[in-house]
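Order as written gives the chain letters A, B, C and D; numbering starts at 1 within each chain.
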C-alpha cells in the first residue's frame, strides 16, 4: 500500500536553476543557498528514497496562458519536458510521471468533491524543476517519478489556505487507498516572501516567514485560516505561493516533526526557505463527501 | 442586484439542432419534440425575458480533447462560436458571453471552495446551442447573453450529484452578490435516459426519468444522493448527463414549482425532456467556507 | 456505514450488461485512439484519412488492434480498447453515418431493427441493470 | 460574524501600497497584452518583435496605451493596464534583462540601489502593509 513518508516545502527561485545549470553553485553569492540543501540531498539519497513525489507547484505563464486557468490541475501524462521560459529549456532530464497514481488521485479526489482538471500534455517550468534540482543535484535521470499538481496562484483568487489544506488531507486518503507499495513524498513549492512587481517590489519578511515555518510543525492548524490579504500585506504579492505548502502540510495529517529547516536571504528577489517534515501522526479526517459514503450508494452496493 | 428568476432543465439532442437547421421541424417524426417547446418559447419571449443564462452543459469532444479535462470550466470570454462537430458549425449566431458576471461567479465560487477552471476561448457544441434553439427558435442573434459552464461527464468520475447541487447553491449566492440588476436563468442540459454505446445501446427508462423530473419540484433534496452507478444502471451510460440538471436545481434554492414539463420518446437515441422551474423559496444555505468568513480574515478587515 | 473507496466505486461499473464505462483505465488505453479520432475534426485530415486510412493511422502511436478496429469500424471492439463514443463519433461522421446508424452496429441489430426499437420507446432497462442481480 | 463577499475581499487589495494584485478586472483589461507577451515564448516571434516592435504590436488588439507601455518598457504602467508580471517577464527576457534588473525599474531605484537593498535583506514590510493603517 502506498504511504506518505515525508513532506517538503521549498522555494523555487529560478536563479538557483540557472546557477546550477551554469556551474556557479560555489560562487559566494549562491553558496549559502545551495549549502542549505546539503543535508536534504544526502537524506534523500541515503534514507528517504521516495518512489514518487506529488509535486505541488505553480506554472508561471509557461504551460498555461490566459486562455485557460485551472485552479487545480493534476498531471496524468507519461512525461513532462522542461519548459522553454525564454532562454531555451533547462538542461535537466524530462520529468517522468506516474499516470497510475495520478489517475488514482484524480478519481479519488473528484469523488471526494475536489473539482480537479486532468492534464496529460504539458511542459513544466522552474516551479517544478528547480526544487528537483535542489534535492537531487546533477543527475542523468531524475531518480524518482513525479505527479505534478499545478495550482493557480497567479490570477485572483487562488484557492484559500483552508481549501489547500483540505486538498492535502484528501490526497492523504487517496494515497492510502492506492494498492501498490509506494514510498510517496508530497512537496509544496514557491514562496517564501517575495514581491516581483510595483514600487513595493523586493519586500522580504523574515519574521513572518519563520512564523510560517514554525506553524508547519506540530499539530496546529492555524495556517489554514490565514486569508490571502495577509499573505499579500505581509509577504509581498508573490508570497501567496505559500498556500501551496499547505497542500503538502495537509497531506501529512494530524502532526509533524521537522527533520531539517533552512532559511536564507539574499537570493535574487526572494526569501529562500525549505523544510523537511515527517508525519508523527499521519491520520486525516474521513471524507464526508466521497460519493459512495452516502446511503443511496451503499444500498446499491451492499 | 442580479436574481435567479427561473431554472430550465433540457435535453440537448443533436438531431433536433439538425432538424431545426434544415427546416424539418414540422415533419411527423420531429413535430412532437418541437411542439413540447411551444409553451416555453412563448413564455421566454413574452414573460421570462432573461438577460443572462448560466448555461450548464457538457462538451462532447469538441472544445476539449483528451489532453485536458476540467471538471467545472466557466466561460469567461466575450463570445463563443458554434463548434464544427464534423459537418461544419451549426448555422446559428455566435453565443455572446457576459464576462463581468462570469468572472464574478468564478471569483466567488473559488472563494467558496469550488475549484473552477476559467476558460476564455472555446467553441460551444450542440450541448449548449441545441437548448438555445429549442427555447428561442430561429433568431438573427440570441436575445440573451450566456455564461457557459462546461461540466465533465465524459471521463469518469464526473462530479457527484451532491457536488453539483452544492455548486448550484454557491452559484445562487454568487448571483445574489452581483451588483448589476440582471434577470438570470440557470439551465441544466443533457439527458434524459440514453445510452449511445455497446450492446445495451438504446436504453430508455421513462419511469425513472419521470421520477427524476418529479423530484426537481418542491423541496426534496433526494436527487443529490443518487450515486453515479444508479444513473448508469437505470438510465444508460449517457444518462449521467442529468447530474448537470442538479446544478440548475441547486441554484433555485429551497423549493420550486414547475411551470411547464414535457417528456417525449422517440427522438434519435434519447429520451427528450424539459422542465421549467421557478423558485418558490430561493434561499440557499450560507457559505461556511468563503475565505472572508474566517476569523483571521475578519480581524484584518473590521 | 461501510466506507466506499474508488476501487469499489469502479468495480460496480463492470456489473452493467453491454456497457463500457469510460474510466481512467479506458481513457489511458485509448488516449491515442481518441486523439486520432479527434484529428478528424479538421477537414484536411478527413481528406487524408479517406485517401489512405492505413497510412493515416500509422502516423499515430496506436496499437495494431486499435488500428484494425478502426479499419473494421468495429465500434464495440474500439470501446474495449479505450475508445470513447464521442471521439469515435468523429470516425463515423467522416463515413457520413448518423449516431443511430453507428450505434445500431454495436447492438447486434440491423439499423432497421434498432430504429424500430427506438420508435417503439427504446430498450427497456428490465433485465439489463446488473449482471450479478440479473435484473 | 460579519459576512464577507467577493467585493470586500477585492476591495482590500487596493489598500496595499505599491502593489497591483492581479484580479479578474486586471486580467480582463490585460488579456491581449498578456497574450502578446506570451507569444514571445517562441523564438521566431521574438525575432519578428525585435525587428519591428511597433509592427508586431499592431498585430494584437491591444490599446494604444498598452502598446506604448511596451515600447517604453514602462512596467508599472503595464501593471496598471492589466499586465501580469509573469507574462511581462517574456518582454524583459527578450531584452536580455534578469528579474532583478527589470523589477528594479518599477521601484524608482537604480539597479545598483535595488540590488544593494536585496543584499541587505530586502525591503522591510514596516510601513508598507496598508495605506489606510499606515503600517
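By definition in this document, contacts are C-beta pairs under 8 Å (C-beta built on N, C-alpha and C of every residue); 3 or more make two chains touch, one makes a residue touch a chain.
In this text, all values refer to a predicted model and were calculated from it rather than measured experimentally.
Number of steps on the shortest path from chain A to chain B, with steps defined by chain touch: 1. Ranking B-C and B-D by contacting C-beta pairs places B-C first. Between chain A and chain D the centroid-to-centroid distance comes to 25 Å (mean Cα coordinates, whole Å).
For the pair chain B and chain D, the distance between mean C-alpha positions equals 38 Å. Taking the mean of the C-alpha atoms as each chain's centre, chain C and chain D sit 48 Å apart. Listed for chain B are residues 66-67, 107, 111, 120, 155-157, 228-229, 233, 291-292, 295, 297, 300-301, each touching two or more other chains.
Within chain C, the positions touching two or more other chains are listed as 9-10, 12, 23-24, 27, 31. Remark: chain D residues 9-10, 12-13, 16-24, 27, 31, 34-35, 37-38, 40-41, 75-76, 79, 84-87, 89-90, 93-94, 98-100, 103-104, 106-108, 114, 117-125, 128-130 touch chain A in the complex. Remark: chain A residues 14-15, 60-62, 65-67, 84-87, 154-157, 193, 195-206, 208, 228-229, 232-237, 265-266, 268-269, 271 touch chain D in the complex.
Of all the residues in chain A, the ones that touch chain C in their complex are 76, 99, 103-104, 106-108, 111, 120, 174, 177, 179, 286, 290-293, 295, 297-298, 300-302.
On the chain B side of its complex with chain A, the touching residues are 66-73, 107, 110-111, 113-121, 155-160, 162-163, 166, 225-230, 233, 289, 291-292, 294-297, 300-301. Contacts from chain D toward chain B in the complex involve residues 1-10, 12, 23-25, 27-28, 31.
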